[in-house]
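Below: one structure in structure tokens.
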Amino acid sequence: MAKKKLNIAMIGYAFMGRAHSNGWRQAKHFMGPDVEPVLKVICGRTEDKVKAAAESLGWEEHATRWQDVIARDDIDIVDVSTPGDSHAEISIAAARAGKHVLCEKPLANSVAECHAMIDAVKKAGVVHMICHNYRRAPAVSLAKRLIDEGKLGRIFHYRGTYLQDWLVNPAVPRFWRLVKSEAGSGALGDILSHTLDLSHYLIGDVKEVCATMETFIKERTIPGTTQTGPVDVDDATMAMVRFGNGALGFLEGTRYANGRKNYNRFEINGSKGSIAFNLERMNELEVYEDNGPDSGWKNIMVTDPKHPYADKWWPAGHIIGYEHTFTHTFFDFLNAIAGGKAVIPNFEDGLKNQIVLEAIEKSANERSWVSIK
Amino acid sequence: MAKKKLNIAMIGYAFMGRAHSNGWRQAKHFMGPDVEPVLKVICGRTEDKVKAAAESLGWEEHATRWQDVIARDDIDIVDVSTPGDSHAEISIAAARAGKHVLCEKPLANSVAECHAMIDAVKKAGVVHMICHNYRRAPAVSLAKRLIDEGKLGRIFHYRGTYLQDWLVNPAVPRFWRLVKSEAGSGALGDILSHTLDLSHYLIGDVKEVCATMETFIKERTIPGTTQTGPVDVDDATMAMVRFGNGALGFLEGTRYANGRKNYNRFEINGSKGSIAFNLERMNELEVYEDNGPDSGWKNIMVTDPKHPYADKWWPAGHIIGYEHTFTHTFFDFLNAIAGGKAVIPNFEDGLKNQIVLEAIEKSANERSWVSIK
Amino acid sequence: MAKKKLNIAMIGYAFMGRAHSNGWRQAKHFMGPDVEPVLKVICGRTEDKVKAAAESLGWEEHATRWQDVIARDDIDIVDVSTPGDSHAEISIAAARAGKHVLCEKPLANSVAECHAMIDAVKKAGVVHMICHNYRRAPAVSLAKRLIDEGKLGRIFHYRGTYLQDWLVNPAVPRFWRLVKSEAGSGALGDILSHTLDLSHYLIGDVKEVCATMETFIKERTIPGTTQTGPVDVDDATMAMVRFGNGALGFLEGTRYANGRKNYNRFEINGSKGSIAFNLERMNELEVYEDNGPDSGWKNIMVTDPKHPYADKWWPAGHIIGYEHTFTHTFFDFLNAIAGGKAVIPNFEDGLKNQIVLEAIEKSANERSWVSIK
Amino acid sequence: MAKKKLNIAMIGYAFMGRAHSNGWRQAKHFMGPDVEPVLKVICGRTEDKVKAAAESLGWEEHATRWQDVIARDDIDIVDVSTPGDSHAEISIAAARAGKHVLCEKPLANSVAECHAMIDAVKKAGVVHMICHNYRRAPAVSLAKRLIDEGKLGRIFHYRGTYLQDWLVNPAVPRFWRLVKSEAGSGALGDILSHTLDLSHYLIGDVKEVCATMETFIKERTIPGTTQTGPVDVDDATMAMVRFGNGALGFLEGTRYANGRKNYNRFEINGSKGSIAFNLERMNELEVYEDNGPDSGWKNIMVTDPKHPYADKWWPAGHIIGYEHTFTHTFFDFLNAIAGGKAVIPNFEDGLKNQIVLEAIEKSANERSWVSIK
């Protein structure tokens, strides 16, 4: 019997549009979700660009007004891949129109918007998800499984650092990501937010934070001019964290760690063992089980058919890449719709992330600890 | 102006069919070759299975007789993904029908067949390629670039080992890969052949070989029975090699290296430096440049936009996987067709590989060195 | 011409006494300092134990009252290896008696004591040194050389973590290291102090700190009893740091990082490159130099005769161990005496360390940033 | 009660003399053998040099004629650290004089000499040992323990490579190690012999070999002249090996592996697991235990007090170095004397090594397999 087909409308077509288009397509071809996704319409403001994107990214149609797209009866899913400042408006409209909503991170640019979004999806009864895709690197999913099984025992430490280096170069101009009014924040919202989401997933709720932020290069050339303007977002943010379960945490995001390209790394230490992960080697999970003198850090290649998602791809030892984390996310989202079930991380997880990010910024400004309510 | 579309027929739909379908599709969406590939028809003997494959792998049509497919005027490219014993017949027919031919490895099961295939493609003037996809892991392409630029100087050593472990388990039955009449050979043709191809690519022609082969578990259960039958292919093969340029080589393939899942590794030592690669960490290349006391092995993350193929994917530090090596191969094949140019590795490289594999087998049988003519 | 001999008196004979005895002996046999050290007398309170120590550790004589030893005319150097609470008294007496003083870390248990010690050694004009031996792992010395040469450019980040795991086991009793009145502090003074000293050495002065401390297991069995008592020292301490030169730092010491045995690790990121070190692999230094796409983390084996101290030992590639860091320290101390020169780290460095440790403790207690004057 | 003292005479005082002197001294101070070694007399032909060596290396006396030394009644142990061509004569004389003999590798330069040495020590009933010190790196001893306990099951593969790079530089002159009449062989006897000894220790007897040898730079400057002369030893040797227990082996020694300083590495694959070791990281043992999907290569830091020899040194995580392998060897030798027991590797192991080395050379010359009787 043929599977039910669900039509997708994706709003946005830039970097994330490319990753998302691939995710929907590969979920269909490799993973066989319980409903079949159809790449129906891609929507963006500039007609010629969105038309070209439809062609290259494999969408049946293109459109320029998202309001029109959401109004269509034949659309089942709305994928919100626009910049963060429009997430709330589009997601709320989509939910009201009865569409299931998958929204890129951040959920929104303020806690207030997040609350409104949650109200909308709950009232509409649609499935909602935020795209914190790194949860679904198989090695991260395996880490979660091991922790849930009690393999680490009581958790003492979470050390999460997301290091990149592309701002070390002073010639990088002051483009939108370096302007607070457009980007909201710098390393904080862009990368530390991933580290924070992983800590919520793997450790639990954050109780309080104490943070500091720094902008190392304070002036950069304004694009299209020969003048410089101030960089008013954080180049680097560090935060000490205390979790509700008593664990100590450290979170860091920086774009000034020379030689670290996409070093989204965490280490967790517990009473029975430890775990470490690095996105640059995302097919591997390092695990320490405390079993006496011959214990050691074990490098698990997370490609066995029994590992999360791995049976959908290749034989053991054949690695997958960055883009697959989106595919796994969309696969689970589609199955949640098919089964009429909830899925995480959803809009409530997005809200939780936003609350702690705001607390970190407040802590850095006030130079004090800030509690999370 | 729209790109010219080329229709592909793929013969075969098993494991390699899955990897190839993805390669054609992703080459189109991510890499933008000079001609646009169309996944036209997939062909296999069992109708219901090939029909299902067409659906899940994304082919427009399916067929059960390859002769019919090759006879079609609207087919431009034939992708031969069947088992090795039919490669010659299909490829020759395809060439005679004027189709460009991409053939899975091995090129054929004998040197004689390889010669006939080369004759056919040359006479027809079509573009031909053998799918030794590991040449196009970006790190391997970078290794080639560095060697060609002279960064390693005179080459002294090539150490190539392809280690797997799936036959350690004695419960694995005697399926077709363990029967010489069906598989041709064991570790030799399946994995050592990749190591050999990489040595041809990176070092040059082999002059002589001296080898030994072993079957560790000599009887396994015949599938569907309770009886055992003999395993008559090699579980492991080792070969000492002398290259035409004076370098010493060592090649090894085994399926009995517990803990090595897909450990296709090589190390090259030259007068100015060294290089090492491991397919399990295929986004990395280890390079040693001899510059005095502070020299060291450098781990290059081969994901920079300036690295081979990497500009087609994600920003630096965002890794790719096994399947991408096929995509890169097909991208270059399509561009060769568009440009009316040759591409490597082609059928002559496949022949060269086959000649050395046969010499290795002869050497093991005769317990002596064998020269390559 | 025979070298001048200098007689050493070592006060203390426990763990550090063993490491120090070896350091003096090996400095003589392997490194050939400008004066020759003589292991003259070892001093401890319990006669039979110190007598046995003299025999096994290779000292000519033993004594039970340090005051007597310091009073001897034939003693040139006093090595203070007792617990921290007696460092000040012994060092001051030794200086007043005109002896050169090498003192184990911590310099003392309070800032006030440190000042008194500095006064004494300055007034006496003797050579003084604190044994922060990790500065003289060859890889750390090389890191310092590279930074001084400007290879890292402007420093953005210092990330120093000293992780151990021996307190994860709840059966470890509440011995003296877990009692504040005896040990002063827990992970803070024992291990984070090393990380801090390395940051002073490699980065520069600390301007302000913000810290938190935690005791995970709050009660342990009192040795020799069946009762438990409170653990009143820190099991783990984390501190965010701002350096005078604008760099951000993070310091951590914990004994609850399962699987980390002696993981004294730092990473430094600068505008031109980065450096990383791990004491568990102390013969290696990881260096990243930003030179375009083919840049990568380079693993330098710091065993070349041109590397710091390495010419005194074995050929390149033959590694050395933990104890050699003491040997190098004493070698430099002896040469400083021979040359009538100062050496670092000296008592002023010990004071600086103590000041910041106290600030960290204050910050943790007050939950606020603390400035270093 | 005081331990019995045994007086040692060491013949030879060059590189190995330095390592041996340290080994005897540190065995006494750190390991507490059942008898106490006394560094009595060091012997060498050139009076001023051996006198200086006695001083710097810590020997009570020096001498210039080994015959005189061996004749002394007060000598209990003779340590033969001269070049290989005098090992037989000195060892036989020492045994006849009733001395226990510890001999550096190689045991001798010919199989015939080895037999005569074994006769002599057996007739004399003295304890004899050959200094294959790498067996006593704690990680190697642990590997042996794991294999003996059956943790690897049936052994399939031994892959042993000893890689160095100091001859890549063509400016290295033709000193004695590059002249066959003086050195016996090149990489074969110098380094591959270690790899071979480890295979004897860990896997068992070799049944047959097939080898090839190469000299990459065939002429080098004769020291003290401006002329070049031929290099007549092997720069690199490779051998395929079959062991008596059915395992396949590969042995390689080369001084042309750029970037490998002292890369004495082996990997062993068995039916239940695998082991890998690298002398450059000699405190670590990599172990794979086949336990299902979550298996992985585990890095054991072999510094726990329960690990071989480790309780004599420092707490877990504090590493040791190259020289300690000699100390462990001498410790076991002294205890064997004290207990009136045999110890391995002894002269019979030295003979076995020599037999296979000669077979490898014969195989390379004759280009054929050679059986070991």
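All chains are identified by letter, namely A, B, C and D, in their written order; residue positions are counted from 1 within each chain.
Just so we're on the same page, a residue touches a chain if its C-beta (ideal position, glycine included) is under 8 Å from a C-beta of that chain, and two chains touch if they have at least 3 such contacts.
This structure is a prediction, so every number in the text was calculated from the model and none was measured.
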Check: interface with higher C-beta contact count, B-D vs B-C, is B-D
What's the chain with its C-alpha centre farthest out from subunit A?
-> D
Return the distance between the CA-based centres of subunit A and subunit B, expressed in whole Å.
-> 35
CA centre of subunit B versus CA centre of subunit C: separation in Å?
-> 55
Rounded Å distance, subunit B centre to subunit D centre (Cα mean) | 42
Overlap residues in subunit A, where contacts from two or more other chains coincide | 260, 295-297, 301
Subunit D partner contacts - residues on subunit B that touch it in the complex = 156-157, 159, 161, 163, 165, 168, 210, 212, 214, 216, 236, 238, 240, 242, 246, 248, 250, 252, 254, 256-260, 267, 269-274, 288, 290, 295-297, 367-369
Subunit B partner contacts - residues on subunit A that touch it in the complex = 19, 21-22, 25, 29-30, 32, 56-58, 164, 166, 260-263, 279-283, 301, 303, 313-324
In the complex, subunit C residues that touch subunit B = 142, 285, 287, 292-301, 304-307
